[in-house]
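One structure, as structure tokens, below. Some questions next.
Lettered A, B, C and D in written order, each chain numbered from 1.
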């Protein structure tokens, strides 16, 4: 058995170990490779950055479950920090499915602690879960207060000072959907098409490629894709001197770089092995026939 | 009649009404839409969670009753459910309930999905082959995107991020748009067939 | 109060079109240089005093949504600069009313009627003569025979995984049709098909389908009901279970057909490692790349539906495929004609005739917004 | 920083490691953690439904004024879902199902036509502003070719011969580039998830860094 044949039969536990190592080491000993923001992230950042306390609100939606926290949590927190720093009224919606609300709670609890002078109901509003998914998106276009009745803490929406003058999509400058599913399309189809509200999004790297068609057609104002997108947003916040928290996405980028290199190496080695072995087998087959 | 025709009639009436509603801006039409969307649909959809509950109990209770292999895992699942439920209701979603979510549900789910990082690496080595022209093209693009989307790509070659952004917004975008138009047409055709009662598989066939 | 009425600064008020009433559209033109804010005032017929109606945003356009349908109003605006202000007002009374048809949505209606009509016509045609509608045969379908045949030669079973979705998913339904064809071949060759399940309803349907397939092939006794079984409803548990089956039974051909999630690559990897011919197909676009990289044949999204229409010849499936094809052809013609006409319009425009470019832009507007 | 003293962090870390034990092989620790997860998450959903759905949308409007009696209709329709618990009456579920599936199908049709089809078609027209520079012109033409050939690839009513077959081949090139991009992005996503968990173990639990 040749070298390549043996290599291809390598126990996959060694590969598992390799991935663990390339992820862990840069976390302990970071290199701090520079991060260059891309256009879709820059567009989203710029849009929010032009807003202020007098502008229409940002409607931030938390549409993901804990499995996607590493990619999406930094995004939702960065947007919250951005809004609270600029004083833009922000409505955080705990998402279209019940499993998402806990994430939203985690996000707002952590960020609110960094801004002790900002008050729930005055500077930000946290809305809970109601079933219906697309029906909820449509209902917000009619009336937020009668759709949700109360905020997450049970306070009637009518009594919240920030919500004075915010009735439906016409008082919202941008919906930012941070999503792990196809929900941005729903916000587009039901929020934008029916009520012409602007939509921006943060999504996992898995779904980012398919949203480029909507970016190009101008249906989304901007997009953060995956942990890299989140890192770019953190970078933009930091460049402006805004608070950017612990920058979890940025610190993960070195590990990301090395893990990618390892996987590329694995693909290349695996394919070399595949071709070498296949050729040897064909040769052996031919010789057998000759004999 | 009650089992087939009437549900079908309901489907047709509500579907047709909601469809023409889209084209009518008059207040009567808007009010109809508001009632259906804001009240009816949201309430009906809430009941659909019964399905999740049912399949959970069916699965685990059957296992326990028949003492199938690993039945005590099922027992643990039911205990966990009751524990979560009672802690949520007793504390009215208090700190303890939040902690159960933050330190048990969240890490468990996040970790389960992170297993995929390992599996993808192993598949990269053992199964992803440039077996033909298509697969080769796919793998080459994948390698470029993987390098160009992380800071090290920028570090190795300054033009890398721009190249990837170009791939994403030109060839990728064009193909995705084509795929989407096809999927969109299929979805519209299916929706129409549902309203007209040609497509009934969602009701469990005939 | 002194009003500076200046020439140029003007206001137009109209009933907002295509709405449910209760709104008047205010547009101001030639806003004076250095304007800090624009105040809006309104006078209802019969009243004597103008009442405040809010501010107009800097772009100079807004909807006054506090009006009552049928009441007639006059409007006045004040543009306030640092040291003075300018005034403009409407001359004629205006009132708001609701409309019965939203004209901006006419393109949607047109397209829907055309497309829906075509699909229905094809369904009827297919009912009359199911063989008459041509659908291209896909290479992956030919591969089914080859894979099952080779698997039988080697004395190995065939493994069919129907994905993780329920029976309502279009991908699962297509998967069942493909299973029917696979089942027939397996029965003819006298081989065996293993069918692990994630969803109990899919399991029952698959059992029925295979039973029929075996009977049609003339070998009803060869079908073993226990080969179609329920595994588990946990995603990774299912993947681990199927992996185990692959390693134990060493199938010669593996069909991964249906809707898959992240477990797709785990299944495809193990399937590859045991050297089986793998024929995959899914409508989960995000999982397709992994199947292309690790499987021998793949049905890409829509191809899966086309394949199932090809096999089953069911009118409602054929209708959709043919209808979509015709719509695609129409879209191709439309954007193709757009290129030719657009080029011509630009050349004409450069030569000093902008009217064609105007038509071109209006067509575009009509497609996107329905108001050409 | 040093190792965490919070019991909750320890629980989370322990559960994380139990799941990772699956990498060695399927084992009771993994299965226990997995089953606990399933139970907890369904329990969590029920609690959320209770507070955000049953109380404000069903209990309050029915039993407190202002009573919204009209809600009885959707509630009755919803309750027909309970039919699945009975073999005899399981057809009852067809009513709520027919209602909401059809209503959504109807809502979906126009919005799908507009945002997935008409808007995309409109954005694909070659307008003069897309030719503002040589680079942009090349891109505009490439996008156009990519879209046209992709549509041709998924055209099933014609045999693949001559020019048509060639166009489909060009189409598959674009599709494979797109899939390659999706592949790369998916790898990226999965790695990110692992990084997140490792950050937790290293920083929050072990307190290194």
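The rule is simple: contacts are C-beta pairs under 8 Å (C-beta built on N, C-alpha and C of every residue); 3 or more make two chains touch, one makes a residue touch a chain.
Everything numeric here is computed off the predicted structure, so don't read it as measured data.
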Query raised in the report: Which chains, if any, touch chain A and chain C both?
Result: B, D
Query raised in the report: Which chain pair has the highest count of C-beta pairs that touch?
Result: B-D
Query raised in the report: Using the average of all C-alpha atoms in each chain as its centre, how far is it in Å between chain A and chain D?
Result: 13
Report task. Between chain A and chain B, tell me the centre distance in angstrom, where each centre is the average of that chain's C-alpha atoms. Result -> 16
Query raised in the report: Out of chain B, which residues touch more than one other chain, so two or more?
Result: 22-23, 37, 41-42, 45-46, 48-49, 101-102, 105-110, 112-118, 120, 122, 124, 126-129, 134, 138-139, 142-143, 146, 149-150, 168-169, 172-173, 176-177, 179-183, 185, 188, 190, 192, 202, 204
Query raised in the report: Which residues does chain D have that touch at least 2 chains other than itself?
Result: 22-23, 31, 34, 38, 41, 44-45, 49, 51, 53, 57, 104, 107-110, 112-114, 116-117, 119-124, 143-144, 147-148, 151, 154, 175-176, 178-183, 185-188, 191, 193-194, 196-197
Report summary line: Residue numbers in chain A touching two or more further chains are 16, 19-20, 23, 67-70, 102, 130-131, 138, 205-206, 208-210, 213, 216, 226, 228, 256, 259-260, 263
**Report entry** Complex interface listing, chain D residues touching chain B
**Finding:** 8-9, 11-13, 15-16, 19-20, 22-23, 28, 31-47, 49-51, 53-54, 57-58, 68, 70-71, 73-75, 77-79, 81-82, 84-85, 91, 94-110, 112-113, 116-117, 120-121, 123-124, 139, 142-151, 153-154, 171-188, 190-191, 193-194, 196-197, 200
Report summary line: The chain C residues in contact with chain D across the complex are 105, 107-108, 111-112, 115, 134-136, 234, 236-237, 240, 285-286, 288-290, 292-293, 300-303, 306, 321-322, 325-326, 328-329, 331-332, 334-336, 338-339, 342, 346, 349, 357, 360-361, 364, 367-368
Query raised in the report: Taking the complex as given, what residues does chain B use to touch chain D?
Result: 2-4, 6-8, 10-12, 14-19, 22-23, 35-37, 39-54, 56, 70, 73-74, 76-85, 88-89, 92-93, 97, 99-118, 120, 124, 134, 137-146, 149-150, 166-185, 187-188, 190-192, 194-195, 202-204
**Report entry** chain C residues touching chain A - in the complex, by the definition given at the top
**Finding:** 285-286
Requested in this report: Would you tell me which residues of chain B are touching chain A in their complex?
Outcome: 34, 37-38, 41-42, 45-46, 48-49, 98, 101-102, 105-110, 112-114, 117-118, 120-122, 124-130, 139, 142-143, 146-147, 149-155, 161, 165, 168-169, 172-173, 176-177, 180
